[in-house]
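What follows is a pair of complexes built around subunit A, which joins subunit B in one and subunit C in the other.
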Partner chain A sequence: MSADADIVGAVAAGQAPGTAAAHVALAVLLVLYPLVASDFFLTQIGGYSLIQGLIALSLMLLAGYGGMVSLAQITIAGVAGYVVAIFGVNNSGVHGFGWPWWVLVPFAILCAALASSLVGWISVRTSGIYTIMITLAIATASFYFAQQNYSFFNGFPGYNGIPAPQVLGVNWRGPMPFYYLCLGTASLAYAAVLYGQRSTFGLTLQAIRDNPRRMHALGFDVTAHKVFAWFLAGVIAGAAGVLLVWFQGRISPGTISVGTAINVLIIAVIGGIRHPIGPFLGAVLVVLLQTFAIDIVGAARFNTLIGFVFLVIVFVSPDGILGLWQRFRPRAAREAWTPEP
Partner chain B sequence: MTDTTRPMQETSLRPQGPTGRQVFGLLGLVVAAVLLWLIFAQWPDWLDAILISKKAFLSAILNGLTLAGLYFLVASGFTLIFGLMRNVNLAHGSLYLLGAYIGYVVTDWTGYWLLGVAAGFIVLAVVGIAIQRLVFRRLEGDDLRQTLVTIGLSIIAADLMLAVWGGGTYQIATPEWLDGAVKLPVVTAVKSNGTAVYLTYPLYRLVVLGAAIAIGIGMWLMLARTRIGMMVRAGVDDREMLAASGVNVHAVFALVFAFGAGLAGLAGVIGGSALSVAPGEDVRYLLASLVVVIVGGMGSIPGAALGALLIGLAEQIGLVYFPTYGVVLTFVIMVAVLAFRPQGLMGKAR
Partner chain C sequence: MTLSRRHILALAMTTALTLPSVALAQDDTIKIGVLATFEGAFTVLGEDGERGALTALAEFGGMAGGKKIEVVRGSSDASPDSAVRAARKLVEQDGVKILVGPLSGDEGIAVKEYAKSQPDVTFINGTSAAQDTTLRDPAPNFFRFSTDGAQWMAGLGTYAFTEKGYQTVAVVAEDYSFPYTQVFGFMAEYCKAGGKVPSKSWVPIGNKDFSSVIAAIPDDVDAIYVALGGADAVNFLTQYQDAGGQAPLVGGSITVDQTVLTSKGKLRDVLVGTPSAGPIADTNDSAEWMAFVDAYKQQAGAFPSPSLFAHGYYINMKAALLAIDQLGGDLSDPAKLRDTLGGLSFDTPTGKVSLDKNRNAVADMFLTEVTEGTDGNLVNKLIKVVPQVNQTLGIAEDEFLALGAVSRDNPSCP
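Right after this comes the complex of A and B.
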């Protein structure tokens, strides 16, 4: 029992047993991954999983620590993507102000963070299950708006031919540099979330998630904390949006469609929304499924497969893969300690 | 004289002026008067210049009302399910689309449109009971997981419907007695030779509007006057107390879910006859239900009616007067309501 309690305590503090060793091992694996991976595995699997994981991480931050399940994270990433397309360089012949990358990227992330704060400010006026409704409505409305509007979003075709910058003589869209760029961003965000969950702000946010009324009575500004969490999530989603638009080289309303919005939620839920590693696990699984399940079930019925996987996860383990792992591991550990009857 | 002045003095002594209710009533009267004038008066040129033409304006209003009727049918089931079971059924749009496809198949097969409408309602009601029994009963009390499950269901449903019916667009054939247009007693313009041009409008759309109003009134009567309606209202307010007082809440849940899903299916057939049936419509009507319910107030049928009216009108007026920003108008309404009345116009604060 004490092993159980220890694990629960450690997980509550954001630390699985042997966390440091596991983190080092994972970091070494990820850094050495390009040695064994082909260009396809480096970009289409590695880089893309990290980007999807980042977007899902921004959702995990809101849902896991703030109790706010958002379906608008891809919309927020899309804000950064569209800013890069409009103020940077594109081939579509619309806008394309050609700002240098060191102005453009911070500006895009700032825009995403502000958009996220706005979404947060709108949705924290209600709570709980309503957040899903409101954010889904915002995501859907944004998708239709981007599709209809030509003066800002260039309508249905969106923007094509958006290059990643060349900095220090490196083409950052090349397989190896792009992978390391994604890995660096993801590690930074992951470490920041791990640090943030134990900061004063992180602890306050988790307390608000558990009992907003009591925190309000204690004199904490519940709304401000929640909106700031949205701002931070917006920074992560915005960074992911910039990477996403460089990865695809284009952005269109399809990038922020309802399907992709739900996909982010699926990734986070499949991976587990109690720990920041969950979204990345989920992203790897979903990207692998997306890439290879097509050979098994055919491209047409892929969504049925992913839907079933999602349903099974929600039914069997509310905490996703992480939850499965934690559910079976303590039992194994306990069995090792109990003497045979 | 003294008799008449005394009450006036009394009212003037009251600390505040007219109550909020009086102000809104007065505002409503003014708006109604302006609308009546807009509908029946001969428009001056400057008004034509602003609002394109009287015909365009009135068509937008009528289209908005019809769309509001359709939205009301879809959203009322959504709001009932939400109010009673506290789960956001994000597969509601899929129920709409499935109803539309079933209506198309049955109408095409039998040749009777009314059979298609009935099939849409009945099949979806059965599907609703199945979902309630197989999914929601198992996840009782966990609202978030119930909602997540409906997302999974909507993904699978959309994919399977794509597999069965393909990506094409269908139009459900309406019967002959509903075809054609009616001439409304509203003059849109007067020709130079003095003959008046009357506004014509498709009969079917007026029937949709009438059906929505009839169903709305029927639903209100059922909720307000019958025993089952009483149980549903009690369940919306406090489901634990309802269960404690000896009512089989699961039966009530199943009934409401069946009715809500059936209404979505019915709306699918009716909407599929007025507009078209295609993949992607599920998301459109899910968005409509969400916004209508957020604006109108969660769990409230009059709220759904009011929300549907606002959103339907906003969408159609937006379509005519600022084409690419129509969605923004809907969005602004939603944000404004959330900013000033987070529980929705008719919702109760929880």
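Right after this comes the complex of A and C.
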């Protein structure tokens, strides 16, 4: 996380100075990470974790503050990804209108945010397991539609050869620039969520989560607040979708399949949805596991290992990694933050 | 501020994250990446592909060019994105100089695109058999010693029309580039011979419920051409039989191979007598093939007879090992490795293999028919060998390219 953004976020959130110090330490670590990491660890682990974390963050925003668990976040990221592929440049020979990046990126994110609002508007009158079912249905239908539609989505193969733009003489898909691009976007989104949580809108949303009928009786427009939360989540997921398509250099229905949709939920649950740092912790763990499990247990059973680790984490701590952290915090905090004698 | 447990944890995490990037360079081993589908609908196929690659390695005693060969595995779920992600890991993290794979059609096209960005690494196909992996816009460092899906169909269209007497055929196939290629290869001959294909059904990979597809097959067709793989083939065939389907089948190369023929259940009544074509035939009685089957059976979990995935990975892995041998284990110059691979021409269990100018193989093809073997297993009985089929199926190259890229609608003869 960039230092400035985090301090602003922490102060705005009215948190203890200890949290600010932790943010600074984390920011320094993440900014200096490229000094020690190989190109692979920069993009395939670092960049990819940040992207997955962003998508899970959009879910955390909805689930943590709005009480709406969505399985369609990867679909919304996919909307932005497909917009970049269709209106930008690709070498699949289908569409590819070659819009410049400064029109394309805002347009893609806007499309994702509108798609997200639409999903929200459809599902907002439901709650609990019904929201999950509706969003799962939307994600599944979108996946199969993208896979079988050739005129717009180019079917199973999707779009190939989608470059990241060259801006200011920098190739933004180069390992170092791309890592910082992801880091910058993630920090911004993280700080925005921390800030938003304490804003009037954020507090209202949390109140709606806790008691929608009372908020309605007090004169708040419950539906509008929820749909706006979906819009904001769509902005975050859309930004992640743009980064994702630059990261892969391609997009196909495999990117928005049901498996990946559930993956986002797993990341959020593993990380914990009480605090916006949770999705990023979850993403790092999941990406590391998915990349290296095959080296640990061989090709036949590596998915079993991944599943087993998830099971253990959720079993030991229903709040995910964040919950584990909280459990040990009082003692650790005492050790660390008491003034020295 | 004292050093707290939290700081130590953070430090430990950072070290753990960066440690694996310190590659341990060992001079006496060469790493070869093997990329196959170890998850998803094609898992069984991917595992058999791995067996094939290991069979080749065992044949060389685990050594090539005086160096020990270390196999690093990568897994995809048959989607192009996952294949590229796995390839990136093998190339950029594990540092393989040669990558063997991937397994399925669009994965091959995606990995070919990725290969262009990694000129120092040499990519050798697994069994992916889409036409455009090598035909249009090929990558200079992507080699395919296995053949493509249209080549695999050599002889089948003519056989179905003239010998079997099928005047009209409905097509049921998966909706991606490999089945398009197979259908192209089948129809190129079948339509030329005078056959008609009034209906084509494209189903997504991993489809479970085929009832609407089965209902859409016209009643008056003489046969159904099925190009489905792995679990999809088993699901379709079972449901077609349950629905009371009577039409005889014509099989794509992976529809009636060992991964499907060994599945449990009452499929055998439907399958017996199904003609097909591909790069292998189970009852091939040449000494080379028999020796290959014996070697293959040494692998854990092997089928009674190797599938074409085992065969394809075997041939491609063998090409890699032969090239390493010829270079004496010195892979420092990728251009030299490429020249060596391009010039390879070797005898395989299924005849001579050499490459064309697009680095795609020219090899013998086998026309087969499903029969019950002496031990009760279903096998593909060899009907005819079609010698040395090239990628343009014997048609002049410019004429062949003019037929257009394979797709849902190309070719067409309703």
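Rule of thumb we're sticking to: the second predicted complex is superposed on the first by the 311 of 341 C-alpha atoms of A that agree within 3 Å, B and C clash if a C-alpha of one lies under 4 Å from a C-alpha of the other, contacts with A are read in each partner's own complex, and residues count from 1 in each chain.
Criterion: a residue touches a chain if its C-beta (ideal position, glycine included) is under 8 Å from a C-beta of that chain, and two chains touch if they have at least 3 such contacts.
Quantities reported herein were computed from a predicted structural model and do not represent experimental measurements.
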| item | value |
| --- | --- |
| Combined model on subunit A: subunit C and subunit B, fit or clash | clash |
| First (subunit B), second (subunit C), both or neither touched by A:Y144 | both |
| Touching partner for A:G174 - first (subunit B), second (subunit C), both, neither | neither |
| Which superposed partner A:N303 touches (first subunit B, second subunit C, both, neither) | both |
| First (subunit B), second (subunit C), both or neither touched by A:P157 | second |
| First (subunit B), second (subunit C), both or neither touched by A:F315 | first |
| Touching partner for A:G96 - first (subunit B), second (subunit C), both, neither | neither |
| Partner chain in contact with A:F40 - subunit B first, subunit C second, else both or neither | second |
| Touched partner set for A:M133, first subunit B, second subunit C, both or neither | first |
| A:I122 touches, of subunit B and subunit C: first, second, both or neither? | first |
| Superposed model, subunit B segment overlapping subunit C, candidates 167-175, 239-247 or 293-301 | 167-175 |
| Touching both subunit C and subunit B, counted on subunit A across the two superposed complexes | 144, 148, 150, 259, 300, 302-303 |
| Complex interface listing, subunit C residues touching subunit A | 1-2, 4-7, 10, 14, 17-18, 20-21, 36, 38-39, 46-47, 50, 72-75, 77, 79-82, 84-85, 88-89, 92-93, 106, 109-110, 113-114, 175-177, 202, 204-205, 407-408 |
| Interface residues, subunit B side, partner subunit A - complex | 86-88, 90, 138-139, 142-145, 147-149, 151-153, 155-156, 158-160, 162-163, 283, 286-287, 290-291, 293-294, 298, 323-328, 330-331, 334-335, 338-339, 342-343 |
| Residue numbers on subunit A that touch subunit B, as the complex places them | 69, 122, 125-126, 128-130, 132-134, 136-138, 140-141, 144-145, 148-151, 258-259, 262, 265-266, 269, 300-304, 306-308, 310-311, 314-315, 318 |
| Residue ranges of subunit A touching subunit C (in the complex, touch as defined) | 25, 29, 33, 36-41, 44-45, 91, 144, 147-148, 150, 155-158, 160-161, 248-255, 257, 259, 288, 291-292, 294-295, 298-300, 302-303, 328, 332, 335-337, 340 |
